[in-house]
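Two complexes come next, and they have one chain in common, chain A, joined by chain B in the first and chain C in the second.
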Partner chain A sequence: MAELRDEKGLAKAERYYTDYGVRARELKAEGKKIIGYISALCPVEVLTAAGVVPFRLKGNVNEAITKGDAYMETIVCPFVRSVFDSAIKGKFNFIDGMVLPHQCDSLDRTSDVWRDYLNLPYFHFLNAPHVTDDPSIEFMKELLKLFIKTLEEYTGKKITDEDLKQAIAKHNENRRLMRGLYELRKVNPPLISGVEMIKVLIAAMGLPVDESNKLITEVIDEVKARAIPSNGLKKRIMIIGDQIDSVDIMDAIEGAGAYLVMDDISVGSKMYWQDIDTDKEPLQAIAERYLRKLKIPTNFVDTGGTYEDNLNARFGHMRRYIEEFKVDGAILFIYKYCDPYGFEVPAIKSYIESAGVPVLYLEDEYSTSTIARMKTRIEAFLEMMA
Partner chain B sequence: MAEEKKGRAVATKTAASIPKFVRGNLAATLKAKEEGKKVAYAYIADGQDEIMRAMDIVPAWGESFAGVCAAKRDAEKYLQKAESDNFSRSLCTYATCTIGFDMVREELGGGAVPDAPWGGMGRPDMILGSAQLLCDPRFKWPQATQHYLRDVPVFVGSMYYPPFDPKMDHHEQEKFYVKYATEELRECVKFCEKHTGKKMDWDRLAQIVELSDRTWDLFIDTYELRKAFPTPMDTGDAMNTMVPLTFNLGTQEAYDFYKQLYDELQQKIANGEGVADPEKYRLIWAAGLPSWFALGDFQYFNSKGAVFPVEVTYRGCEKIERLELPKTNDPLEHIAWRWVRYWTHWYDKARKRPGSLPKVERIIEYIEEYKCDGVVFHSAFSCRSWHAGIIHQAETLKKVYREIPILILEGDIVDISSYNEADTHNRIDAFIEAVDSYKKRMN
Partner chain C sequence: MINYFAGVDIGSTMTKVVIYGEGIRAMIIGPTGPEHRKLANKVMEEALIQAHLKFEDLSYIIATGYGRINVPFADRQVTEITCHAKGLHSLLPTVKTVVDIGGQDSKGIKIKDGRVVSFVMNDKCAAGTGRFIEIMADSLGVPLNDMGRLSLTADKPAMISSTCTVFAEHEVTNQLSGGETLPNLVAGIHESVATRVASLVKKLNIEPDVAITGGGAKNIGLVKALEKKLGCPVLIPPEPLITGALGAAILAKEIFEKYTKEGQVPERSKSGLQEAKFFD
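Right after this comes the complex of A and B.
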């Protein structure tokens, strides 16, 4: 145990990644309430303010869905099915409750299934709107009040504005630190590999925010201490997608002979790139962050201007990543049965290609059974870029 | 070359007039330009029908056009066109079929598309989508369409209702949901005013909303005639007779259609005319959009003596008095209340039966009122909004109600590649045997 407690940085991240939930189990044993959630749309600040531990649920690409299909149709997003399969098999038997934000049909239409079959002491469906205009912000604030009320009833603890402000400050710090780690990918070759990075990202999302901040700080210190290598010769790749929460595709990209230097994925930059304003009333600031700043395809964006204006508003951040991280090529890694991302594919692909950066579109099924095929296509893509 | 199958024979004369209705809707989008009217791509159950009608905007319904393409077994060319630009075959095929059509029309200069089923749709001047609990394509499809129609402005509003939670009273929540939905409808009006150059005639809107209320009432009165033994009309026809309610709400034509259907059903009841002769089994179509290319399967059920006197699908309305709508002089607020309550008015009942769900409560209510012996669901692979959660509904129904025979068919709405007629009929045969045993047991 002493050895484990002394573990730091990447070694700690490796353990938390490999044995996902290990720390949450310990905290549960210490008497903490653990609340699971799905998607970058969940306002974790509210959970932290409530004094519970937010724990992001993940799927398992290496495990076949064996129990979940008895409850959930195979037309549902394969990631959602995988998480549910893990949950129904008891892999998350340490969670006391769950928040399901309304990110997409696959979550909304199965919310009854999660609630009724997991039968957790606490369950809340956060019916976040997709539209982001002024009435939607007001609506989101009402939903947040309701969410807070349910948590107060569950924990018996009043959530004050001060609690929310403190939680916002901690999570903003968490985002700032993680962006700092991303900075270390800008050099060529990057100081931290894509495989290492995804492990840190996964480890971080399973920890209370203070512990997450500590872990990221340790990793930054460790990675910064690495010798700066000579200029790399490999192509620099950015991966775009939604719930990519394992090393497998990252390993396939780097194993094919590329540097994975940036992402636009739900557990990655989407979580960390936009802070919550601290000069506004907390609920207003949280609503604005999760509806207007968070770059997910289910937050509807229309500038009222030209189509090009809309594309810049929807995907401009990807072009900025390409410039800042000197990206040579992008891989669009989208799951089957995902309407929100699936309908974006032609627009994202042409938008990035118009910046002179080639795009490889891969449709996947959230399973390592496809990895060999994916790797062949990635190798061909890199060869084409050479 | 599309393999066009002979259309399904309908049991009522009124349903036989539906193809003319649908053709009329499509033709109106093509003629709109000559008449100086604007065309809007529109999506059903968005609550925006009456706004469009009051502003003389001609709706072009992608779901209707894709359904026509599917029924004529002529959708593949558009599905493949969309696929050629990397739209996955697993996405909503209403959307991908229509986007494929849009791509073809743009390549041809934006005018009429030769060989398009029933002439196709006219190029829109605007797109009116909606983000809500109904489906993601309602706002992702407009965005994806704009990729090919770059000059066409898009509006996406919201029309949410409180989610069901057995531990939470939804009534207080309804107020802020309705307030939000009303404001979003007002945003829709502003958008339409901007892009038509016309001001909303609020008195006209109020009249149209009142006509819609009467149409909802008449629709339910008409459909409740189907409780008769033998039922005078089944779901095979209802998949046609839903057209005026779904695509022409707020028009006198829609109201008149249901008056005609009402009269015909009354006559059939008086004559003792049914759908199957003899009518041996009564089933409920409990959820799922149909395979438009295989509507003949309803006749296959009929050939076994099985009829569907009731369905959940496309019964997109309720008797207004049952919704207990608060009084308001604002037609937009009335629309909002009507839609929110349409979804929530089963909640109290569901809360009273431990373990139940509003959707299941609705099915139980119909089973009891229409005296059904079995339950059929259809799971379409490309549509998560209507079809995810069916397994749970089926299991809950068995748990909280009774061990009634249940069949879950699998296929798609538009994509015929998923369909196997022989396999489907084999499954129906086995199900009918189960229903027969169940009926004997219950008697």
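Right after this comes the complex of A and C.
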């Protein structure tokens, strides 16, 4: 790897995006344990504290599901099937274990398939609750203790409160840095494109936290050094959705003549917008962050107030993004058979439209085969806003 | 001096060209065919002959439809959604909701003051599109153009419950061999498509007047079935196939005039009237 020693910032992110898992493979060869996880609901701090490398699994929109369908029914969402297809084909043969959360039915009901057919040395089903009241926080803390216990047994190393505090500090730093990179999208035109951004986001989720922090810092330095652009004339778009983990839809949006300036997606702002409180006992702080602060459709936030209050609790952050990032239009991009998002679509759409921002709702396969049809809708949406 | 503009609409089934000066000067409709990209220029040539014009006389050209990126001589590409709204508004200014039933997709468009305010497109499959009717006509041995008239003689439309085109074809042939009459089956097919299209368009909060465009508008049986499902009358423009191309031509005129007003000239395509190539 001598020729790559000077590789930095966006070039490094590009390589880690294109050859996803390349760094984890190297770390594995160095003797590190790699633990895969699949959604924003995994408390990565616990994995870091255990001394293992958290590695987010992704699917492949450019590859047909060929082996996975022999194990999972097609009623399972196409993202989950694609990730499993990659896993069963050996694309992630460097992982030592996996954490699967109780999140959507497609994940819950396939947990035995993942456990039995991948047959990894470590496997844990994190039975996270969907309700966020006080008893749920207590329940989540007990679950975290269980999770910690299984990791301790697997690694043979005790996880202390101090380990947790250090991991929390590092991941908070990771989130702060990534938010700093998002800041550079606020100017018009943004200093970093949506296509570049998704590559950085994906590269970052396949790295140990220290390396991720270094990568983001390098990218910020590189992007900040760019000339301050003149007045941008294109519409500023925010993308909302679940597990978007490839450049294709970002490329389609920007290729149609728009700036992609913000996201509310699982590998993006959802991961980075809410820190873990450091003035609380670590398990309490982690439980609160993943149940109450994390903005995902499977966390039911009942404020005890009106329907409007609940909507604000669930989607209020999107309105803040719209103001802060001067968003002209939102694209809601949902995979077919994604039930948590499917149920929320009408509410999100009307909530954002009531803020005066038009919304384009796209329901798609987890595949680039339909991208041309998506492009027509995106172009028509931009023409409509022109 | 009159300036002339052209709109080229390459749909999945038909290619349409409109030349527009002060009003429509020429309008040509030709089949798209499998090598449709090679045909855009031929249809354009025919339109120029009809208009007694040369290619050089055209001041600005817009391509639309799903083949829009494959028209090298076009100066700009605009989606069929914007163009349909523009074209239809010029023909029937009172229309607020447009239903377009094309060969491979169907869509609903809401118009306010001549502009698109929202739209929906089918994203599941061929159910609810012209292709569904084409395939059924083929398997029943009825010429496509006779489907509409034939269905009007039905006494009780047959129930076609499958939405999958292939399964529906099976269902239709089974019912035929079970003794169901041809008119009832054809009427049932139209109702099936109308149901799909209506449920798609109803997401838009339909406001009258409603108009229908695309090949589906040429099928009186389908139009009647749609009126029933939507619960309101549906207007049909004089030539429902050309609204996209007409909208593209009018948009070309508007863009050209906007530039001229500002003392500028819009950038033109450098390509002459030639066959589109897949790879340049």
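In this section, the second predicted complex is superposed on the first by the 386 of 386 C-alpha atoms of A that agree within 3 Å, B and C clash if a C-alpha of one lies under 4 Å from a C-alpha of the other, contacts with A are read in each partner's own complex, and residues count from 1 in each chain.
By definition in this document, a contact is a pair of C-beta atoms (placed from the backbone, for glycine too) under 8 Å apart; a residue touches a chain by one contact, two chains touch by 3 or more.
What you see is a predicted model; the values in this text were computed from it and never measured.
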Item to complete: With both structures superposed, pick whichever of chain B and chain C touches the larger number of chain A residues.
Response: B
Worksheet item: With the two structures laid over each other on chain A, which partner does A:P135 touch: chain B (first), chain C (second), both, or neither?
Response: first
Discussion item. Let me test your reading of the model: by the given contact rule, A:A380 touches which partner, first (chain B), second (chain C), both or neither?
Written reply: second
Fill in: chain B versus chain C as contact partner of A:E363, first or second or both or neither
both
Worksheet item: Of the residues on chain A, which ones does chain B touch that chain C also touches?
Response: 363
Fill in: Complex contacts: residues of chain C adjacent to chain A
66, 78-82, 105, 115-119, 121, 123
Practice prompt. Flag every residue of chain A that touches chain B in the complex, lowest number first.
Written response: 70-73, 75-77, 102, 104-106, 108-113, 115-116, 125, 127, 129-131, 133, 135-136, 138-139, 142, 146, 150, 297-298, 300, 302, 304, 306-307, 310, 334, 336-337, 339-340, 342-347, 349-350, 361, 363
Worksheet entry | In the complex, chain A residues that touch chain C | 358, 362-364, 370, 372-373, 376-377, 379-380, 383-384
Worksheet item: What residues on chain B touch chain A, complex-wise?
Response: 85-88, 90-92, 95, 131-133, 135-137, 139-141, 143-144, 146-147, 150-151, 153-158, 160, 162-165, 168, 173, 176-177, 180, 183-184, 187, 355, 357, 379-385, 387-392, 395-396
